[in-house]
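Common to both upcoming complexes is chain A, partnered first by chain B, then by chain C.
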Partner chain A sequence: MREASLDRLKAFLTLLPSMILVGVFVYGFIGNTIWTSMTDWGGSGALALEPEKNFIGLANYVDLFTGFLGGGFRQDLVNAVYYSVMLLVGAVGLGMFIAILLDQKPKGEDLLRTIFLYPMSLSFIVSGTIWRWLLAPQGGVNVLPTYVGLEPLTFSWLSSQASILVFNWQDILRILLYLVSFVLILIGLFAMRKDTGKAMKRWLVPGIVIGACVWLFGSLIPDAYMMEEEHGFNMATLGIIMATIWQYSGYTMALYLAGFNGISQDLRDAAMLDGASEVGYYRYIAIPMLKPITISAVIILSHISLKMFDLVFAMTGPDNAETGHPALNMYLTTFRANDFAQGAAIAIVLFLVAAMFIVPYLVSQYRQRGRR
Partner chain B sequence: MKGFAKLLLVFAAVLLLGAPQVSQADELAGDLEIFSWWAGDEGPALAALIDIYKNQHPNVNVINATVTGGSGVNAKAVLKTRMLGGEPPDSFQVHAGQELIGTWVQADRMEDLTPLFKEQGWMDVFPEGVIKLIGTDKGIWSVPVNIHRSNVMWYVPANLKKWGIEPPKTWDDFFAAADTLKAAGVIPLSLAQNWTANHLWESVALAALGADNWNALWSGKLAFDSPEGVKAWELFGRVLEYTNADASSLSWQQATDMVIDGRAAFNIMGDWAAGYMSTTKKLAPGTGYGWIASPATGGQFMFLADSFGLPKGSPHRDNAIAWLKVLGSKEGSDTFNPLKGSISARTDSDLSKYNKYLQSAAADFSQDQVVGSLAHGVAANETFMGGFASVMEMFLKSKNATAAAKACQQLADKAGM
Partner chain C sequence: MTTKKITPGSIFLYGTLAVLALLFLMPAYMAAVTALKMPGDISLPSAWELPATFNWGSFSEAVELLKPSFINSVILTVCATLGSTVLGSLNGYVFSKWKFKGSEIVFTLFLFGMFIPYQVILIPLFQTLRAMNLYGGLPGLILAHIVYGLPITSLIFRNFYSQIPTALVESARLDGAGFFSIYFRIVFPLSIPGFVVTSLWQFTQIWNEFLWGICLTRHADNPITVGLAQLAGGQAVSWNLPMAGSIMAAVPVLCIYIFLGRYFIRGLLAGSVKE
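Our next item is the complex of A and B:
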């Protein structure tokens, strides 16, 4: 008994320095950033030795989401959503596909694996510059057809001004509620298989009620912004998304390949004996078994997509409304416009979005451990 | 023994006599750290200045702390972290005007250079208009080393002759010529990435507002969302219709190339474009390429200047002041500017050292009305400029003149102008 408590004390003392350091340099700084985001630190005199800071509450956040000058930030936020979705779908999908191909043990698998993983080792600035040249409007891939005597392509990967899926920022609250109702109904439909009654009560009915309410009484919901302001998926971001997928699909491939190799050969043989096809084996056995890998890939890629900075910087430059990203905007607001409070507010918004991805994951991890 | 003592005595006397003389020639020693963003094409010009300094003060160890990146994009961020961390360089480069005043002077981080200006007689050799723009009622804040002009329209005379058009004196002339050009499959005005749109905007706005209203705008006497301000954005929107669609992925050099290649007729860019065309492209000023003040801004010289200031707490203050003296001197100015492709801020510079374009710019500078550039830091502080870039982004997308004008006014309020 005494020995055990001594051990505990030792463990505590060993951990203490890192606890203090993490407390100050991670949580303390997060706290400081939150505090800064609620002050008016910015404008003239922002760089004085003792700058004047006054508490102004949530005004910076209100400015970002509904203010006149926050338009750029709102487009960046929309871009970030598209970047995240595309990167997840693209990198996880492509990585999984390559891993399945390599799992067939083709000749020279080692070499191929190295080739696919290689982009990961390049810095974003380098790969961004390469891709910028490749996708330039009057060069790179667009001149390829001229080598066989055809007209050059005019596809503008990085400078297109067209956008699709355009919506009005005025309606953002309505759109979000529709999205909530859609997700609830979707979860409900999946849960139907297990327990119909619970699925109806917990997911389907609330989802349908919310959807119907917004549809019927949507005009009662206040506008988020005083005038029309359109945001959408800019075609100019296509090139950047492509480069990001190129860079990260090798990484997800490595994750999946390790997973596939970890599945015992016996299981595969057994499945084959039962008459499973190749497709069936991956569809019903291998991929479901790798769910933890999929989840960690999604977590890692989603926070990478929220930190996108250097690739955008290298490919389309800092001042491009079409391809902007909140992380870039934060840097420019803080260190170019000297608006420290506003920059801190953008940082906190990004922090909250990242938390949205990671907190559910952490919670489910703790729950699993508790069950064991 | 006696002989040795005598020898010592003589030796000491020689030392006593000699020492003051040596230290008079060279009283400065230690380090001098010069912080700038002049690398690449601009590096040799800076090196020439450092050479002059080293000849005058051989005992000073000059540290050339250059952070690369055009227009100081990276250098400014590095400078900010250094200044906030209490580690200022001895002297740093900054765009003259509000970029310095609205940021570092407002924050009380700079030393007043008025005594230096008086001591060196610079009050008489620098034009009054320039001194007004780099100073406030509390003092003068930087030593300008060069003057660039921002409102210049570039073209290739042979091409214009081929298409049968004249360089436009007003925007109406331009619009008339633009339709002819479009019919011939030529882009009337080439444009590059975002900051060049800011650059184009200031030339168009100066044309729409006139110099007096332009100055009134920055001193807070004219609102951005006044009818005049909105008109500037409307004219800018019309001009944009005649530019290339792939602008956002081009550098300013590529936009200039479009004019040289004959794919575009005109380009509005600062006069560093003249340096690019003469030095890199080997075109002769006047025949290979031509220039005119951007439409409806004849008689107005929109200037920007690189300058050096003296931060409070500079670790080697005396060395830094000696450096500023070199920068402001006639010798320093006339060594630096022909290499950099700019003109001297001094009125007494030796024009025979400059090429044909620079001579014409110097002539304009001495007689035109001088106004400050927005895109290059003279007219407004960094808070406004940072926000203006995002207003411009939104305008390029929405083309909504009223909204852009209103956003500018909000921005001006926020930036305390």
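Our next item is the complex of A and C:
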């Protein structure tokens, strides 16, 4: 008995150094960055050994979200949202599509899998360098149509200034309310199948009421900003999104392929006997069964899209504000402009957005482990 | 299996796969073709054409320019991979076979470290390394990679060790084996595939990393990704050099991927928190 408890102590002591390291380097550092974001640490003295720091509360955040100079940050934030959504749809969709094709066991499956997955092994700097050349205005992708006798494309991939889906930041409150109503209605529609009455009362009716109110009386809601400020999805970001999808759809393909292989052949045969078509099999059986894989793919891809730095850096450099990303902005603010406090504030905003979906995910994983 | 016949379905299948495969290979083709051209032959409209004369000189020039950072990356990657893998193995052993009260919470707290955007720890990391006199050189970067590699390596090893039957460990304990002798005599010999998967994963991640490389090292100690970014930076570059440099920076991981692809994919799947 005594020996057993000695072993338990050894186990704990083995883990202890890592616990301390993670505790300090992850949690301690996050706390430190939060503190830094509430100081005025910056400017020429920022790199001094004993820099002067004064507590200024949330001023840095207020600056980011309302200040004139924070306009670039707000554009980056908008970019990041569009970027994440398009990356998710593109990489999950394309990856799933390729996985379904490969699940038909074509000849040369191994070679094809190797081809689709190799971008994943590359560094973002490598792929960014190559894609920048591919997307050069008068070359690369744009001259491809000339090889089949068509006119070359003239799209300026990484330098376009055009922005679509523009919205005015003054309307942000209205847009958020629309979003709330949309989500409520969506949940309501899903819940309809289980319990119609409850779904109506809890989700659908409130959702429709909120949506209708904003639509009818939207002008009564105060503007969120003093000045008019319009940001939208920049067409220049398209090239970066394409490169990321190219790099990551192989990854989702591998996830789904592993999932498809895990579904027993018996189940598939049974579905076929019952008259399910190929499409029906994936639509009603295979893809719903792989919901956990879809969820982890979404979590991992959104986390990657939030910290996207290298690819943007390599493709458009730090100069093109049109393709900016908060992660890149954080680097430039901190290490090029020496404004450590402002950089820390940007980092914390990024962190909070990431935590919004990672914490629930980890908590549910933790619960699942506990049940077993 | 039904016999394969030429049906509209299979034409669609092979046609789509062929088109997709070409699209995926396009950047690799472009990099190779451009790297092999004479600098004077590179022009935007003819970017896709094969070089008239093969110019291997770009590679030797790129090797010349990137050799220091390549060597830095080798040292960095080998040391950091070794460190984080060994620690991860011990952690995974404790997390799966020596659970204590609260160990699951500790494990979840570990995992969180894997998902944070690294910008959030960058400033204190920079400060701490400077205070420890480790800023600018390889040891600081190695330390960072070991610490932030702990979550993923512990996760992979924990999942790997949970496949080892607990009965095996129990019976060894009844025979009088202690914590370390169980690890060295039973668990460690069984975990060679686990070590391969984890070190390949770590090798790839560390080799490809850029943010810390550019923020935490001085010029002489830059890893290859930073070296390549500097080589490719600026607008008026002759493109054969960056392309040759890209190929050079990609070759080590591509080799791992092509020759040890099975383990690479297992690392990929293990990294997705799938249990």
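To be clear about the criterion, the second predicted complex is superposed on the first by the 331 of 372 C-alpha atoms of A that agree within 3 Å, B and C clash if a C-alpha of one lies under 4 Å from a C-alpha of the other, contacts with A are read in each partner's own complex, and residues count from 1 in each chain.
Just so it is clear, contacts are C-beta pairs under 8 Å (C-beta built on N, C-alpha and C of every residue); 3 or more make two chains touch, one makes a residue touch a chain.
Quick caveat: nothing in here was measured; it's all calculated off a predicted structure.
K.L.:
Just chain B (first), just chain C (second), both, or neither: which does A:277 touch?
P.N.:
Neither partner.
K.L.:
Tell me which partner A:72 touches in the superposition: chain B (first), chain C (second), both or neither.
P.N.:
Only chain B is touched by A:72; chain C is not.
K.L.:
If you stack the two complexes on chain A, which partner ends up touching A:339: first (chain B), second (chain C), both, or neither?
P.N.:
The first partner, chain B, only.
K.L.:
After superposition on the shared chain, which partner residues are touched by A:358: those of chain B (first), chain C (second), both, or neither?
P.N.:
Once the two structures are laid over each other on A, A:358 reaches chain C alone.
K.L.:
Check the residue A:144 against both partner chains and state whether it touches chain B (first), chain C (second), both, or neither.
P.N.:
The second partner, chain C, only.
K.L.:
May I ask you to decide whether A:261 touches chain B, chain C, both, or neither, giving the answer as first, second, both or neither?
P.N.:
Neither chain B nor chain C is touched by A:261.
K.L.:
Output check: A:136 vs chain B and chain C. Expected answer is one of first, second, both, neither. What do you get?
P.N.:
Touch partners of A:136: chain B and chain C.
K.L.:
What's your read, chain B or chain C touching more residues of chain A?
P.N.:
C
K.L.:
A:317 contacts which: chain B (first), chain C (second), both, neither?
P.N.:
After superposition on chain A, A:317 lies in contact with both partners, chain B and chain C.
K.L.:
Going by the contact rule set out at the top, does A:236 touch chain B (first), chain C (second), both, or neither?
P.N.:
first
K.L.:
Which chain A residues lie in the overlap of the chain B contact set and the chain C contact set?
P.N.:
In the superposed arrangement, which is not itself an observed complex, chain A uses residues 132, 136-138, 317, 335 for both chain B and chain C.
K.L.:
Within their complex, state which residues of chain A touch chain C.
P.N.:
Those in contact with chain C are residues 3-4, 6-8, 10-12, 14-15, 17-19, 21-22, 25-30, 32-33, 36, 98, 101-102, 104, 106, 112, 114-127, 129-134, 136-140, 143-144, 146-147, 246, 250-251, 254-255, 258, 278, 292-293, 296-297, 299-300, 303, 306-307, 309-310, 313-314, 317, 327, 330-331, 334-335, 340, 343-344, 346-348, 350-351, 354, 358-359, 362-363, 365-366, 368-370.
K.L.:
Would you tell me which residues of chain A are touching chain B in their complex?
P.N.:
Residue list for chain A touching chain B: 42-49, 51, 68-69, 71-73, 75, 132, 136-138, 156, 158-159, 161, 227, 229-230, 236, 316-322, 324, 329, 332-333, 335-339.
K.L.:
Along chain C, where are the residues that touch chain A in the complex?
P.N.:
Those in contact with chain A are residues 9, 13-14, 16-17, 20-21, 23-28, 30-31, 34, 43-45, 47-48, 87, 90-91, 93-95, 98, 100, 103-106, 108-113, 115-125, 127-128, 144, 147-148, 150-151, 154, 173, 178-180, 204, 207-211, 214-215, 225, 228-229, 232-233, 239, 242-243, 245-246, 249-250, 253-254, 256-258, 261, 264-265, 268-269, 271-275.
K.L.:
Under the stated contact criterion, what part of chain B meets chain A in this complex?
P.N.:
73, 76-77, 80, 83-84, 102-104, 106-109, 193-195, 245-249, 381-383, 385-387, 389-394, 396-398, 403, 406-407, 410-411, 414-416
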